[in-house]
Structures are given as structure tokens and as C-alpha cells.
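The same chain A turns up in both complexes below, where it pairs with chain B and then with chain C.
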Partner chain A sequence: MWMYVLKRLAQGVITVWFIATATFFAMHSVPGDPLLNERAMSESIRANLEARYGLDQPLMTQYVIYLGNLSRGDFGISFTQENRQVNDIIREHFPISAILGVLAVVFAAAGGVLWGALTALYRNRLPDYIIMFLVILGISVPSFVIAALSQLALVNLNTLLGSTVLPVAGWGTVRHMLVPSLVLGLGTMAYLTRLMRSSMLEIISSDYIRTAKAKGVPPARIFTRHQLRNAILPVITVLGPSIAAITTGGFVVELVFAIPGLGRFFVQAVQQLDYTVIMGTTVFYGAFLVFMVIVVDVLYGFIDPRVRLE
Partner chain B sequence: MDKPGDGNSSVFTEQEFTHSAGRQLALFACYALLAIAVLLYLLSLAARSTGSNGVASGAIDIVNNSISITLQDEPPQLDASRASDAVSGTVLFHVMEGLLSYGPSGELVPGVAQRWELRADGATFWLRENARWSDGEPVTAHDFVFSWRRAVDPATASDYSFILYSVKNAELVNSGELPLSYLGVNARDDYTLEVEFERPTPFFDKLVAFATYYPMREDFLNSTNGRYGADADMMLYNGPYMITSWVHNASMRWEKNPFYWNENRGFLDAINVDYMTSDVNAKLNLFKDRQIADTTLSAPMLPSAMEQRWHIDRFMEGTVFFLELNHRAERLTGNYHFRKALQLAQDPAELVYRALKEASYLPAPSLFPEFIRGVDDLFRKEYPPEPHRMDVAAAREHLEMARQELGLQEFPPLVLLTGDSPISMVAAEYYQALYRKNLGLEIRIDAQIFKQRLAKMDVGDFDIVLAGWGPDYDDALTFGDLFTSWNLNNHGRYNNPQMDELVRTAQESLDPRIRMEAFAGIQQMVKDDVVIIPMYERGYAFVADPRLKGFERRSIGTEMDYSYAYIDVPDE
Partner chain C sequence: MHQFSAADFAPLEPHESLHGISRPSLSYWQDAWIRLKANKRALVSLFIVGLLLTFTLLGPLMWPVDPGAQDLEQISQPPGMDRSALIVPDYQPWDGSSERSDVSDLYLAETATTQAVRLKWDALSGAAGHRVYRNIFPVGPEQAFGVPLAEFFDNNTLYFEDRLDLRPERYYYTVVALNSDRSLSGVFVTLAVNVLRVTSLTDAQERGLVDGNTNLAVGDQIDLALHPLGTDYLGRDMLARLMAGARVSLFIGIGAPFLFVLFGMAYGSIAGFLGGHIDQVMMRFADFVVALPFLLFMIMFKIAFGIGPGESGVFPMLVALVILMWPATARLVRGQILQIREQGYIAASQLLGAKTNYLILRHMIPNTLGVVLVTITFAIPNAIFIEAFLSFIGMGVAPPTPSWGSMSNEGIKTMLTHPHELVLPALFISITVLAFNLLGDGLRDALDARMRNTE
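Up next is the complex of A and B:
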């Protein structure tokens, strides 16, 4: 068990190193650089800036310096927010994205499992049809539309009630978190509902359920022990990656609801070719994703005794 | 055979199973809700230690004499010597002041300097003695000398250091060839600043209102350990407001600077930047929810805004957009007749009103936007540009002449470089369709993200590029010198000694009339020689809370000016 975890962690480190290297060279091969500005600059101004950021060194030297800094956990200084360490940016803004993401995942997981089980239970009956219709909507309508619509709904709600019950945008209290996290989790919730439903249906018609029924196991027990518990496995498998996807994919929701999360740095850095922030966020998110996958694999062993961790 | 009763071992029907399982599911749902409630509580505790807006105070707070506003983005750089973007410019405008400043209607007014004198070889500024830093110390001429030297110090690596190049030796100091002390600026005493010019600069009074020219105090800068401008307490202010709190990417609070000298500026006790977002829909919703005092309206929002009887205003943001043509000899656009054909076959009014459908934009008649001042009045009134007439037949004649001159059977496709914003894509597609229809030319659209577009512009990898230019200072020269042979922003490498000559005159003459004549000459030459093809001047519609008065948006200095704003309390 512990050997397995260690082995996976070592593999993870190599994966992160690979991500860092690939991103580094891909980023530098893109035409343009972070110093370009709408105002063209003279040779001497440019030379001053290059010296300041170490861009006057050969690329391999920059890479070696970068890896050295990375191994010490130092991502450098942002090009666009010139007084801020990338470490500070991640430290200040990732917790916000994480809180939003965790909440969204909890909504998605709880909702997905419950709705999925419900639709399977009432398959081909009215609740099934209604929920599955909503699921299709949830999967196909992009989050920026849902975000904008729900924000508009909030404005109308507040106007109707005459005071700001739920804030339209911003961050800081539970009231700020509720709607954005629901919106953020909605797509995943819809996806998980469908996954849960199909996995439930597969199990319902399996032999051991019939055996359990024949043995006279009480319905509630069959449902929770034999059906839910087995059906939930595929959901857990995708949960790890989707935590990372939700946490990193919050850009649109963060933008619409003016939430100071890390998402906008992740996206804007690429547009601005902000080298240090691109590297910082990519490596950080990459490591995060790798870690989540490992956690899920380990978790698997606890939930499903058939899986042996070796 | 079914034998009912005996709960534990009975065989059950499908329906019983569903009921029982459904009950179980409902129970789980309750657990889940409970768990989520607990989680929400815990997370809200955690969120308190992260960047929070706290409790918003609402758009207009009459009791505390404060307002709430939004910023487009986190200000990237509040070190005035190094700032180069509009958001930082807006913040700095409210918390700092240069030798000169801008008045309520955008005119230049005395700032830290009480009076000044411009000569051919230099300038003298006499500073007011009651100008103070936010810690109560006086603002002196030494603070300007220190700040300007620092701005051209190679170690500072300011990308706007060029704006100081009018000052003697600035360029040589900036490239590290001369020590800082050779910069042509000196403090004769605490309140007299002497400037020597590199070359005559009759518009120097307009330059010193720019952020790079703001003062900075040496002892304070040294005390910040290289973190100047990084946080609210890492700055010293001499403007009407000072930043008292700054949660990165989330919020800011500007409070009235008690030491600011001008009683006719800074009427609000506090300005809360409660949100930092560039999303116009989010801003509109915040405005409707009475959380912010003003917002920009995009074209699709206008009808419903009018229905609500809001007082909608428009301002021209100052940027002119144009088709920049590549004048390098190997390009088709290097040929005069070819350019003339492109010019005659299009109409900016059609682009703005039929294609872009942006009610707040104006078709651009020339390189110089509306707000540029002439001798006594607006430049456009004194020297109206020749009106443009679309003439497809003449355009085709010019195209034929170009074909003969270039000795071509058929024109190869043109590369139209553009950004990836929706507006520029619409404009690019408009020109693509237009030139195919009117001239039979094929246009290949090359849409690039910001930095890559800039990189391609710099090396001249285009035939035509959708470009724009915004003003740095309140003088026609900020546009007028764009197409000189030495200007690095002349991406198409237009090279014409006559143009250079006109710009030299406009740069150096001390007589405003001669200067304006030169600008009129530049305006005519840009059109006659088709240096560029002007498209539109960008404007925005906006709406402000009716209780907020004196709030202006302008083309120059700062986009949003709250420094003269006050709350008009309606009669009880």
C-alpha cells in the first residue's frame, strides 16, 4: 500500500517535470513575448527590460535557471502585475478558486448521485423524463450563459424583494458563494447524473441483486448496500479529474461574478504571454490534477475491496 | 406462493422496493443538505481570510459621502515611473498629481506647479508651497528630479521612459551611456524646478501631466525595499485621494487625502472600488442592483436602457482605429495606386453604421480624433479634413494602374492582420467582403491574439493591419508624429522626407499657428498619399446614478474622473 503510494507520487513528480518542460518550450516558441506592448520600444528600453527579467540569456540557460527556481518552489515575478510574486498570486487567489471549486464539486457529486439514483429508480416514468431533460440542458448550455442568466435572475430577485438578498457579484460571504458554485457545478452535476443513472441501471438488472432479493434482503438494504455502493464507483473515478477541471475551469464564472480567483490569471496570462504566470499556474494546476488522480486511485482501494493496491 | 407479513424475510413487489428505496434516497438528500450547510459555514470562515469584498456599501452612500465603483481590472503597476496601462493610469490620476493636472472639463490646470514658463531651450516650474504628501511632508522640486531620474534609470526598466526624451540627455541616460546626474532637470531650490530640453518642446506643459512625470520621494522609496506600488501602504500619495486598502484583484478603497491642497477637488470622503471586472453584463447587473455608481453600456444594452429612461451619456475614448498599410517596397500596398484603390473603395461610415452597428463609435475622417485642440478651438473645426467620398469606379481605375505599374496579371491575396476581439473580426470580415465585391481582391484574414499580433506588426508580417492609436498627452503631436521615418510605431515603415519635415516643424516651432498648419499638412498628406485608411473613433455609452454629479469620462489623462465628483442630495 505505502509502496504503491510512493511509486505513484514519484511518477507524479516526473509528470509535473514533463508538464513544466513542455510548457516552457511551447510558450517560448509562440511568436511575440511578454515585453511587447502597444507602444513600440527602442532598443535600449527593450534591453533594460530584458535584463530585468533575464530574457537576455540563451533559452537553455533560462530553462536551467527556471528548473532551479522551480525546485525551490519559486515561480518568479509576474510580467503583467509587475510587483507581485507568482507565488503570492497563487497563494492569495487559489484558495478562492478552491473554495468555489470544492463547493461546486460537492453540489455536483451530491446532486449527481441523488438525481442519478432517482432517475434509475423511477426509470421511464415522469421524474426520469423531467430530470433527464434538465440534464441534457445542463450538459449542452455553456456555463457563461447560465452564469449570465442566473445573475440576471438575482438582480430581478433583489429588485422584487427590495433589498440585496443575494449579491449580484463579489466574494466574501456564504451569500456570495451560493449561486456561483451552483452554476460552476451544474455541468458536472448533469454529467454525473447521467453516469450514475446508467451505472445504476446496469446494476439493477445484475444477478446478485436478484439473488439478494430472492434471499429476502430488505429493500432499503439492497438499495444502499448493493446498488448505490456499486453504482457510485464510476462516479468516484471521474470525480478526481472533475475536481481539477472545475477548479481550473472556473474562469468564466469568476469573470461574470467578479470573483478574485486564480482562473482569470490562468487564462489572461496566456493572452498576455506572461511567461512566469503561465508557468506558475500550469505547473501548479498540473501538480494539482496529478495529485487528485492519485488520491482517487487510493480512495478506490477503500471503496472497492476487489481493487488491490500494489 | 407469497406469504405476507414477517417483515424481514418477505419477498416484496417492485413498487414496494421503489417506495422503500425512495424513502432512503430522501433521507440521503437530507443528510447531503445538512452536510452542505455545515460545509458552507466552514468555507465562509475560510473565505474571510482570503480576498473578500466584505459587505458592499451600495452605489451611493449619502451618510458617509462615499460611492462605489468598478475597475476594469487589477491595476498592474502603481509605480508611476513604470505604469503604462489605462487602469493604472486611472488609479494614479486620483491619488497622484503632476506639475500640471486636468480640470473638471479636461483642460490643463496648474497642479503642483503654481506657474511655469516655457522657452525654446527649457522650462521653469514654480511649485506651490502648500502641496503635501499624504504623510504631511511638502512636495518639493527634489521629488520631481528624483522621480524623473529614476524613470530613465536603465535599472528601473520603464517602458514609458521615452516620454521623457524631450528632457536633455534622457535618451543617453536611459541607454546607460551617461550617469543619472546628466539628466537635464535640476532643483534650483525646494520650490523651483529647472528643465533643459534636448530639442525645443513647445508642448512640454502637456507632457508633465502624464504619469511618468509624477513626483516620488526618495526616502520613502528606499524604505519600501523594492516593493513600491505593490500594496496600499507601499505608496506615498500627493493627489486628492489616497489608497487605504487594496485587496488584489478584488477591491480597493480610496480615501480623501487630508493634506491635498486643492479645496475644489476631491469632494467625496471615500471612493470604494468594490469590484474589479471587465464583464459589461456583470457591471450592468451591479448597476441595476444599485451596487455601483456608473457603468458602461454596450450597443445591445442601449434599447432597454432607454426604456428605463436612464440618462445615457457618450464619451469618445480618444483612440482612432485605422487600416495601417505596409509601405515596404516588396508589398502590393507599397504601390501608391494600389493604396488609392483601397482607400476609394471603402467608406468608414458604412463600416460603423452598417457593419459594426456600434452607436457610440464615430466614422473617422482623419488621423486626428475629435478632441484634439487647435489654436483657439478644436483642431477639427479650424482645419476640417477633406470629406471622404467612396468612388468604386475611380478605385478600379487606380487598381488597373497599379496592375500595370507592378506588371502583374493577377493580384495575389492580401494578408489582413487583426486581433481576435469580436469587433475587429467583424471589421476584418467587412473589408474582406467589400474588397472582393468592389475590387475583386482576395483578402486572407490573419487573426492573432494580442502579443502575437504585435510581434507580427513589429516585423512587418502583413499587408494591412487593423490598428489603433490612443493619445498619451493633450497635443496633436501624440498622433501627428506616428508616421515619421524614426517612429517605432510606424509599423508599415512609411518613409517620406516631406512628412518628417512637417513633423519637425510641429515638434519644434513655438508658434501655435505654425504648428497647427503643420498638423493640417500632415492630415492632408495622410489622406493624399494614403498612409493609412482611418476607420473609426471609439466611444462608449455610459450611465451614472443621477445623484452622482461632476463625474466625467474623457479621452485623455484618465478614462474615468471621479476627482471632481460629488453627491447631489435631493431636497427632502
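Up next is the complex of A and C:
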């Protein structure tokens, strides 16, 4: 067990190194450099700035310095926002993205399991048709359209009630978080509902459910103890990748709802070729995702005793 | 008890029905096609996909309008709007005189047209000057006057001519009295104005709506250029842009999956066939690529390839998609190959002297094609989504190249006043994604017994 966790963690570290290397070389092959954005400067100023940021060193030396700093958890200084540490940017804005993402994952997982189980229980009856129709909508309508439409709905709701019940944009209180996280989780929720439905249908027709029924176990207990517990397993396996999809999918929702999360900073940094911020955000996100996948895999071993962690 | 006679043991005549094959022999693909045909949803989706391809490929031939051409007389026009215009004389400057003398405080000196709206008003009580506003919504209790157009700091100028970006809509003009310190006093007067669409003969000739030696005169009606699905915020034809956008979206949406599935298939079959250490190393590398945060790298690669001036940015996006999305197919194909490798018919073929190339090309790849086809169908809506997503956050194709995503991005800004600019491209994205998803479901059910959906 612990050997498995250690092995996975070691693999994770190598993966993060791979991400860091790929980011570094992709970034340095971009035409132009961040100092070009500055106003016209003399040769000596430029040379000084390059020295300050270490851009005058050969590429491999820069790479070694970069890896060294990275191993100490230092992402460097932003190029465009003067003297701002990338670590500070992440510390300030990542929690916002994380809260949004966690809420979205919770919505998606809870909704997916619930709706999926319902559709399976009411198979080929009205609730099944209604939910599956909504699921198809959730899968095929792009998130930015849903985000925009939900904003429109919020405006109408607020004018109808005469007060701001749920704010249309911005960040701060729980009321700001509800709608954006729901919108963010919707696509994943639709996907999980489908997955849950098919796994639930498979289990409903299995032998041990018939046995339980024959023994006279009450339906509610069959549902919670036998069906739900087994049907939920495939949902948990895809939860790791789903978290990845949701955290990066947050860009659009952050943009539409004007949420000061990390995604917005990344988009901005790419446009301004802010090397350090781009590399910092990418490596940080990458490490976060790798870690989340490991956590989900280990959890899976606890939940499903049939899976041996080796 | 029955008594047997010798006749009971006589050989029977060969019977036709015993020897005939009762069902036609079907190949794998024929069988799959029959099952797909039985699936109504998949068939409808296939039909929609066909329509979309026709729309994309043949559409520009049937509707040869330049998607970049601007029609400044019809900006942000919803579909199906009346496009007739009255011909009026060329524009003449106005000195504020008018024949009309209205009783109300604020009145029109002439009929309001898209050429000019000429307002006159009587000095408001206690005013040291006036400011003119225009809004597209009525001035409510919150006193939203709209856009300030002009200010006059004396009481002599009591007229104003509005020529700013006039559309054939209803406008609400407000004149507010100013205090002597140029702040707003509470006194104002509002007028709702319906603007009439007009065009001058010179303009119409310049735009090619009528030819030079026409016998049309001032006061006649002519039709402006036809835009079946309306125009966008720059007056560009929506139908032509949707077609051009479809070319970009579907090119990326179909091209990228084909390329990365092809690459993944080659990679996976080599890894699966060779096995051992090479397989280990190859699949570990694929694992690393999977672990890359997808969208961040998508954006970074796109920037790294660079978009020169005048380029559309379609090619970099295609390459970035291929680089990042092949491992899933590679894993899938490798798993299939590992399974097939152990099958008896492979051993038999090997015994008969089949070479490696022959085994891979003749046995292994054809046997994985079903799974691969399903993967492609599911990858297409995914790629279309990614393109739309990136174009939406402004990291996709470079303007003025239209794509459904970038059109949605532009449309979302005018969502409240001109919803068709968002709804149309969003609808196209949704229908395409839906069609490919349902088609994928159908194909999976038809082609692959193991992955068959329990519906």
C-alpha cells in the first residue's frame, strides 16, 4: 500500500519535471520576448534588464537555473507586473479558482450520481426521458453559451424580485459562487449522469440484486447498499480526469463571470509573453492535476476492495 | 408402442431446406451497417452530418458572398427583417431651420431617417444649457438617458442633428437642462423616434444595388442587399460567415482527429506488437503527454508555433491538437493489439509463414478499425468544442477568419440587443456536436459488441 503510494508519487515528480521541461522549451521557442513590449529602450538598459532576468545566459544555463529555482518552489518574478512574485500571484488567485473548481466538482459528482441513478430506476419512463434530454443538451451546448444565458436569466430574476438575490458577476460571497460553479460543472455532470446510468443499468440486472430481492431486503436498502455503492465505482475512476477538465475549463467561466481566478492571469500572461507567469502557472496546474489523479487512484483502492494497489 | 418397419430405416431423399444457408453471409461492415440503419437516432445524425458537410462544401458555391464584406447600411440586422429603403436626395447640411412649429418641448424638424435625425426643442425651464442623449431603451425611473451626444452651454442653440451610426430602430432622445455650473438639473424631456431606413441614389449606385442609368427617382423604394440570416456587428453577412466558419470548425474538428488517430494507431500498434521494454518506454512517454494540462499546453503550443500577420492560425491549432491528443488512441490500439496478438488465428497465420508487416496490416489493423472509428467519431465533437472554446477566449483563429467559436465570442457582446449574432453560431456548434455524439453512440453499438451501451 505505502509502497504503491510512494511509487506513484515518484512517478508524479517525474511527470512534473517533464511538464516543466516541455513548458520551458515551448516557451523559449516563441518568437519575440517579453522585453519587446516595453517602450523603446537603449542598448544598455536592455542589457541590464536581460541580466536582471537571466535572459543573457545560454538556454541550457537558464534551464538549469529554472529547474533549481523550481525545486525550491520559487517560480520567479513576473516580467510585466513589476516586481511581483509569481508565487504571490498564484497564492492570491489560485484559491479562487480552486474554490470554484471544488464546488463545480461537488455539483457535478453529486448531480451526476443522483440523476444517473434516477434515470436508471425510471428507465424508459418520463423522468428518464426528461433527464436524458437535459443531459444531451448539457453535452452539446458549449459552456460559454450556458454561462451567458445563465447571466441573462440572473438579470431577469433579480429585476423580477427587485433585489440582487444572486449577483450576475464578480466574486466574494457564497452567492457569487453558486451559479458560476454550477455552470462550470454542468458538462461534467451530464457526462457523469450518462456513465452512472449505464453502470447502474448493468448492476440492476445482475444476479446479486435478484438474490437480495429474493431474500426480502427492502428496496431502499438494496438501492443504497447494493446498487448505488457498486454503480458509483466507474464514476469515481473518471473523477480524476474530470477535475482536470473542470479546473482548466474554468477559464471561460472566469472570463464570463468576471472572477479574478488564475485562469484569467494565464490568458493575460500568454498574450504578454510573460515567461515566468506562464511557466509558473502551467507547472503549478500540472503538479496539481498529477497530484489529484494520484489521490483519486489511491482513494479508489480504499473504496473498492477488489482493486489491488500494486 | 410404435412398430418400426424397414421403411423407417430407408435413407431419406436429400432435402433442399436442410442444406440451404438460411441467412445471407455478412461481412463485419455489412453487419454493422444493418445495425446502424436500425438505429433511428444514429441515422438522423448521419443525415445531419451529411447536411453539414454539404453546407460547408457546396454552400459557398450557392451563396457566393464574401464573408468579409461589410454592408454598412445593414449592421446587426436580425434575420428576416424588412430590407426596403426609401430613396432620398443626397445629404444636405442643416442650419437648424424648420417649417414645422410643434407644440411639444422636443420635436423632429423633419422625418427621422437613417441619413439624419434632426431635433429641435424649446428652452427648458431654468436651463443655462442643454445636453442631448440617445438610448435604445425607454428612460425608466432610474433615468438612464443613454449615450450623451452633444452639449450646448447657452440657450441659443436649440437644435441638434444626430448622424451617429443610425439604424432603422426606435430611439429615445432626451434633452436635459444644465445648470450654470454645467451640472445636470433634474429637468428633462424625452422623445421616442422611429427611424426610417433611407438611402441616396448615389449610395445605392456605389454599392451596386442599382445600375448607373436607372430610372429610379427620389421617393421610390428599393431593396437593400439580401442577408437571409442577418448581419453581424460589422455588417457582414451571417450566412456567408457561418459557412466560412463551418469550414474552419469542421476542418479542425474532422482533420485533427483523423491525424491524431492515425498517429496514435501507428504508435500503439508498434508498441503493442513489439512489446517488452520498448513497449514500456513508449507507453510511459504517452502517459507523460496525457498528464500535460491540456488547455494550457494547447494555448502555449499555438503561441509557440506563431501566427504571422495575415495568417488564420488554423494550422497551428491543428498541430497542437494532434501533438496533445494522440495518446488516448495509442493506448486503446495497443490494448487491442495485445489482445489480438494472443489469438489463435495470428499463430496460425504465423505458422503459414506470414511476415510481421503482413500480420500487422492484414490482421491487426483491420481488427482494430471498428474501435478506432468509434474513437474518431467521439473525438470530432471534442475537437470542435476545443476550437470553439479557444476561439471564444481569443486564443483561437485570428480575426477576420471566422469560426463558430470566434463568432460566438463576438456575438456575446451584443447578446441583449441582437441575440441572433450569438444564437446562430452557438446553434451550429450544438447541433454539430450533438450529431457527432449520437452518431458515435450508434457506431459503438453497431461496431463493437463489448462496448455496447445498455440502453
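Methods note: the second predicted complex is superposed on the first by the 300 of 310 C-alpha atoms of A that agree within 3 Å, B and C clash if a C-alpha of one lies under 4 Å from a C-alpha of the other, contacts with A are read in each partner's own complex, and residues count from 1 in each chain.
Please note the rule applied: contacts are C-beta pairs under 8 Å (C-beta built on N, C-alpha and C of every residue); 3 or more make two chains touch, one makes a residue touch a chain.
All of these numbers come straight from a predicted model, not from anything done at the bench.
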Clash-or-fit label for the pair chain B, chain C on chain A: clash
First, second, both or neither for A:Leu152, with chain B first and chain C second: both
Chain B versus chain C as contact partner of A:Leu201, first or second or both or neither: second
Partner chain in contact with A:Phe266 - chain B first, chain C second, else both or neither: second
Partner contacting more residues of chain A (chain B vs chain C): B
Chain B versus chain C as contact partner of A:Thr15, first or second or both or neither: second
Touching partner for A:Glu92 - first (chain B), second (chain C), both, neither: first
Which of chain B and chain C A:Leu161 touches, first, second, both or neither: neither
Chain B versus chain C as contact partner of A:Leu255, first or second or both or neither: both
Contacts of A:Leu6 with chain B and chain C, given as first, second, both or neither: neither
Partner chain(s) touched by A:Met177 [first = chain B, second = chain C, both, neither]: first
Residue range of chain B overlapping chain C upon superposition on chain A, of 22-30, 76-84, 400-408 or 418-426: 418-426
Overlapping contact positions on chain A, where the chain C interface meets the chain B interface: 30-31, 148, 152, 255-256, 270, 273
Residues of chain B touching chain A in the complex: 7-12, 16-18, 20-25, 28-29, 32, 35-36, 39-41, 43-44, 46-56, 70, 74, 76-79, 82, 84, 154-162, 171, 174-176, 227-230, 247-250, 274-279, 281-282, 285-286, 288-289, 291, 449-456, 458, 470, 487-489, 491
Touching residues (chain side chain A, partner chain B) in the complex: 30-45, 47-49, 51-52, 80-84, 89, 92-93, 95-96, 99, 102-103, 106-107, 110, 114, 117-118, 121-122, 148, 151-152, 154-155, 158-159, 164, 167-174, 176-178, 213-214, 216, 218-220, 222-224, 227, 255-258, 260, 264, 270-273
Chain C-facing residues of chain A, complex: 14-15, 18-19, 22-23, 26-27, 29-31, 136, 139-145, 148, 152, 198, 201-202, 244-245, 248-249, 251-252, 255-256, 266-267, 270, 273, 278, 281-282, 285-286, 289-290, 293
In the complex with chain A, residue positions of chain C that touch it: 287-288, 291-297, 299-301, 303-304, 306, 381, 385, 388-389, 392-395, 405, 408-409, 412, 415-416, 422, 426, 429-431, 433-434, 437, 453-455
